[in-house]
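Read through the structures below before going on.
After this come two complexes, each holding chain A, first together with chain B and then together with chain C.
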Partner chain A sequence: MAALSLKKTVNSGGLKKWRRTETMTAYGFTLPTVILLLGFSLGPAAYAFFLSGVSWNLLNHMHWVGLHNYGVIFHMPLFWTSVKNSVIFAAVVMPVQTVIAMVFAVIMNQNLPARPLYRLAFFFPSISSSAVASVMFMWIFNKLGLLNSFLSVIHISGPNWIGNPHFALSAIMILNIWSTAGYFMVVFLAGLQAIPQNMYEAAAIDGASGFQRFLRITVPLLRPSTFFIVIMGMIGTLQMFDQSFIISGGTGGPLNSTLTVSLLIYQEIFSYGHVGYGAAATVFLFVLVLGLTLLINRWLGKPVEY
Partner chain B sequence: MKRVKGLAVVSLMSLSAVALAGCGTGAAPSSAGSPGKPVTIVVASWAGTNVTNGIIDAQLAAFNKAHPSIHAVYRPISGDYETLLKTEFVAGDAPDIITLNNGGEAPTFESEGVVVPLNSYIAQSHYSLGDFFAGAMNMFKAGNTVYGLPRDQSPLVLYYNPAMFKQAGISGPPTTWAQMQADAQKLTNVSAKVYGLVQTPQEPRWAQFIYQAGGSVMNPAMTKMTLNTPAALQGFSYFVHLYRMGVAAQPSQVGATWGGQALGMGHAAMTLEGAWAIPYLQDTYPKTPFAIATLPRGPVNNESLDFPTAWAITKDAAHPKQAWEVIRYLTGPGEARWVEQGGLVTVRKSLVNMPYYQAHPIYKNILAQLPGAIPWNFPNGFDQYVNSTLSNVSLLAVEGKISPQAALQQLQSQGKSILQQGGN
Partner chain C sequence: MVGSQSEKVWNRVSRGIYLLILTAGALVMLVPFLWTLSTSLKSLGQALVYPPQWIPHPVVWQNFVKTWNIVPMGHWFLNSTLVSVSVVVGNVVLDSMAGYALARISFRGRSLVFFGIISMLMIPFQSIMLPVYIILRTLGLINSYAGLILPQLVSAMGVFLMRQAFLNVPGEVEESAIIDGASRWRIFWQISLPMVVPTVLTLALMMFMGSWNNFLLPLLVANNQTFWTLPLGVVMFQQQYYTNWPYLMAAAVMATVPVTILFLVLQKWFIQGISTTGLK
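Up next is the complex of A and B:
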């Protein structure tokens, strides 16, 4: 039947027509995804742009105020506190988790005994729920918790991790690195499989040490994976919400030290009824992420050729 | 088969009985649709303890039995209660009945018109409001408009660990500020991680000291901030001083999240909480002894704060008449059940002598603290102030980064500017 219809279309001389049906079929197949994307992702994103220009507290009638909301948030100290927290968070977590993931991936790529077991152990945090991990780490970071008990063994009096404004964000950084490094390790592992073995053999014959081979072959050739991980890591860390929300009980405390941009957006919109401010902060976050992504793209996005 | 038929006959009979009774009172569920198809009324509250959830379930089951034309179901909301409700109000499918909380949530919902006035229903069914404690009742009124009928309440009281007191050679709970401070000092043992008082430095745990010194947070009409008085400073300074002396601590310093937990864990000799800590301590820390006393007396009095909640009908209720019947039951016969089953403290003056309270003397001092307790409330527009400003500024003072005076000045001026902007 298929052969018959093919023959028919070719016979009618319509290669063009055949192409068109092909295109229509392709659109038909992508339609469900396109609808989902428009309805649940792009649509709401566009709506956020619209909301950034209104005054609305969820329960009353909205009215248009133009760029007023941007003026308000740019003069709001709390907004800049949240931007600072998010940027510091991303600046620490993203590089650290990338390096850890890469090192672990290289180690896991060796012929170690019980290798699958280690891979499982490192990957496990990323399949466990972020909320559960946060609750678990609250227990670890408790003033009288696991971490401080370990520290007291080596005679260090541990701080009040979650209650002290100087340590709370660091505590969330540790939690975030722990939970995401394993996932990125798997991405690096896949990247490692794609590096041709003969390069290592050639380098070994030339007398390169193990460390040199890592630095000159592994790191550069992992660039596509690194690019992906840096971009995803940056977006994920700049948008960090859940862990802050759970550990601070939704307040971003103590003293706003764990208030990230996403948490501020949530608070402004849902807790304080300032939908416009929250939406304006959302647009700001979008611009920030877009700008940084373009920068990273220029830096890491080029293909590597040897 | 026979039994099913019998049941059907009985339920039909009871249905018609209700329909007849309805005709008599004039509050007939005429909008209820065809008989045999009960109207569903969704009753929502924050997911409380197993105790409160169980009580509400039992109350509604009893109501449904007596009112076959209405089917009331309980929907506990876990997580961020008010936030979730707001999103449901936007979508227009909020529950028919919600619980209004203290601390400024009621004025916000009232002024946005998402809960409906109950005056006409109250008048129609000759419902008397006189039996409710005035503090609890007034919190859910705006002028003469009633938006909610009280469900439960609890004043702040002093929880203490009698074993620790005995060990320190203290005969009983403190009755004055000076005694509380001296006792806290005796009971504090920093190396053992035990503090005289463990308490989150948030306003609903220190405002009572201001009232006890003769001051107030706002004027009774909630139109003016009054934190700039000497009495307010005296009350707040007393609280801050306990932390600066090192005899009071924040829960996180002893690995707890709130005062009640710290007491249960044995890291606190005293804490200030409401009646909600009783079932928590009994269930979670059965080995830790605790007792309850009225608050120690300040320079002027020993007034406490009160935390009432209320039932209200939302704008999204399709059958407000039936919803009112549910509220009428919950605040009437249901309120008695509430007490019988050990819920929080009753909001009806006539119920304070219920046998349950006689059999459970732990409630004695809680009931004794009720008269004069100040309902904890804020006007519309204070969401952020209540949720973060108050705790942040208190924390700075407690940690010694700013003086109590500077803290109160900040709170006074920020509250003032919210009032000047007229809410939002």
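Up next is the complex of A and C:
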């Protein structure tokens, strides 16, 4: 009806004019967003590729060195230390937070009393800023702090978490899992609502145990949520910066044990003025994240078949 | 039916176990906050007692007053508020406009713009900090409010969220408004936007949290104390007063209170926000 009367009101010349107005309006509506995103998101990403080919310390004259910077960072032991730290960090934190989030979401989905209160408690850590959470945990991880006093109850003499190179990265892992698991749990909870209840009923009639139902129905049907959480978790953990910076005071110490790739990039520009090296490490990080994203996409990205 | 009887017992036992696990998990989540609050009210002497004590005695409210006075907490609060409110307003207006155009108007280049924005969903800020810093420096935006605000003023995620919301608005209302000769701007502002208020609220909350808690951008932009926001201020305070834990915890509490209140009041929208952006 509406479309018909629309054609009647505007004759063909008017229609053309109307189309043009529409297009201009659309450009007007999207222009500020496009400019800002180009300037502060897509543009910088492209700019990083260019900068990775220059020698520049922000003050001197920039000159082109081609692939030289990549050669330098690939021969830099510190660079590989940072890659190792970031990859270990991601390889531990991402799976652990995903599993914790999924298990707690499934438990919370069991029609238990006081569910909103529990959800509130689990979600609460993700509203705190990385800065505040890091400062809070530095106090908890103190040699004579809360965590070690809990450990001493079970007769474990806790280390100086933050000052010991063997434990500093683990401390940041604990902090990270604590602060993001609840957020992802809420994502899983939303995914669980989408699973048809009759599948569980049918499985129960067939005699499947609770654990079997979890493995055979819940886990496969949650794949869209899992996919999202694994991708977001992987990107977030591989680029971890704030917690390392704050807990190590910007050094990545002790003994570079908390130096991540992002922190190395920061140091290359702000401590050493090596823009080119930092940009080459940036491009390396892009490629790493993109490669892993494609890999995960092949593994988890297929649509769910009921 | 012996089977159903034992099943009932088993059911009750398993629910008990579930509740136990949930309670333990919830405690792990909340203990760090409670410990922070407890420490913030202790004297320095009591804070350093080992094994730790939970109940502050005496309760030292002065920690908050002193912390507020030895560092310009009030100024950082103002900075954080100014930046976060600007970021929220910018995102609500600009993301909605772009999302509306992408959902509702057919125009040349629409899919190019859409896929361009989608591709930016995958670029987190940490990975582009170096080029962003250089761009901000070139534009002369280091140590300025514009430098703290502009990079956060629109978000690809926000545009995507708003586009999805506008796609779900029925088209008939708009069509009759078009026939009546209303301009797109009026249709957007007076008809369509009011219909997606829940999504706008979700977007506003997400952006407020993201901006209020942002650490890296202020670290890059604000070398000068005048432009520090709360997270940056708290961290710098920590590096200076790293042994005075009651003061540090008082600062942590003060920095967390505004978002906590916001969260408790608007909890429903937070959950909805995560559910929609997380699932799409």
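Please note the rule applied: the second predicted complex is superposed on the first by the 276 of 306 C-alpha atoms of A that agree within 3 Å, B and C clash if a C-alpha of one lies under 4 Å from a C-alpha of the other, contacts with A are read in each partner's own complex, and residues count from 1 in each chain.
Following the convention adopted for this analysis, a contact is a pair of C-beta atoms (placed from the backbone, for glycine too) under 8 Å apart; a residue touches a chain by one contact, two chains touch by 3 or more.
What you are looking at is a predicted structure, and each value in this text was computed from that prediction instead of being measured.
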Residue contacts on chain A - larger count, chain B or chain C: C
Touching partner for A:F241 - first (chain B), second (chain C), both, neither: second
First (chain B), second (chain C), both or neither touched by A:N60: first
Touching partner for A:A48 - first (chain B), second (chain C), both, neither: second
First (chain B), second (chain C), both or neither touched by A:L215: neither
Contacts of A:I162 with chain B and chain C, given as first, second, both or neither: first
First (chain B), second (chain C), both or neither touched by A:Y272: first
Chain B versus chain C as contact partner of A:F123, first or second or both or neither: second
Touching partner for A:G253 - first (chain B), second (chain C), both, neither: first
First (chain B), second (chain C), both or neither touched by A:L15: neither
Chain C-contacting residues of chain A that also contact chain B: 58, 144-145, 249
Residues of chain A touching chain C in the complex: 2-3, 5-6, 9, 21-23, 25-27, 29-30, 32-34, 36-37, 39-45, 47-48, 51, 58, 104, 107-108, 110, 112-113, 117-125, 127-140, 144-146, 149, 152, 178, 182-184, 186-187, 189-191, 194, 210, 224-225, 228-229, 235-236, 239-242, 245-246, 249, 262, 265-266, 268-269, 275, 278-279, 282, 285-286, 289, 293
Of all residues in chain C, those that touch chain A in their complex: 14-15, 18-19, 21-23, 25-26, 28-33, 35-36, 39, 48, 50-52, 94-95, 97-98, 100-102, 105-108, 110, 113, 116-117, 119-120, 122-124, 126-135, 137, 150-151, 153-154, 156, 159, 172, 175-176, 178-179, 183-185, 188, 209, 212-216, 219, 230-232, 234-235, 238-239, 245, 248-249, 251-252, 255-256, 259-260, 263, 267, 270-271, 274-275, 278-280
In the complex, chain B residues that touch chain A: 80, 82-83, 86-87, 89-90, 108, 112-114, 193, 250, 252-255, 257, 383-384, 387-388, 391-392, 395-396, 424
List of chain A residues in touch with chain B within their complex: 57-60, 142-145, 160, 162-163, 249-256, 267, 270-274
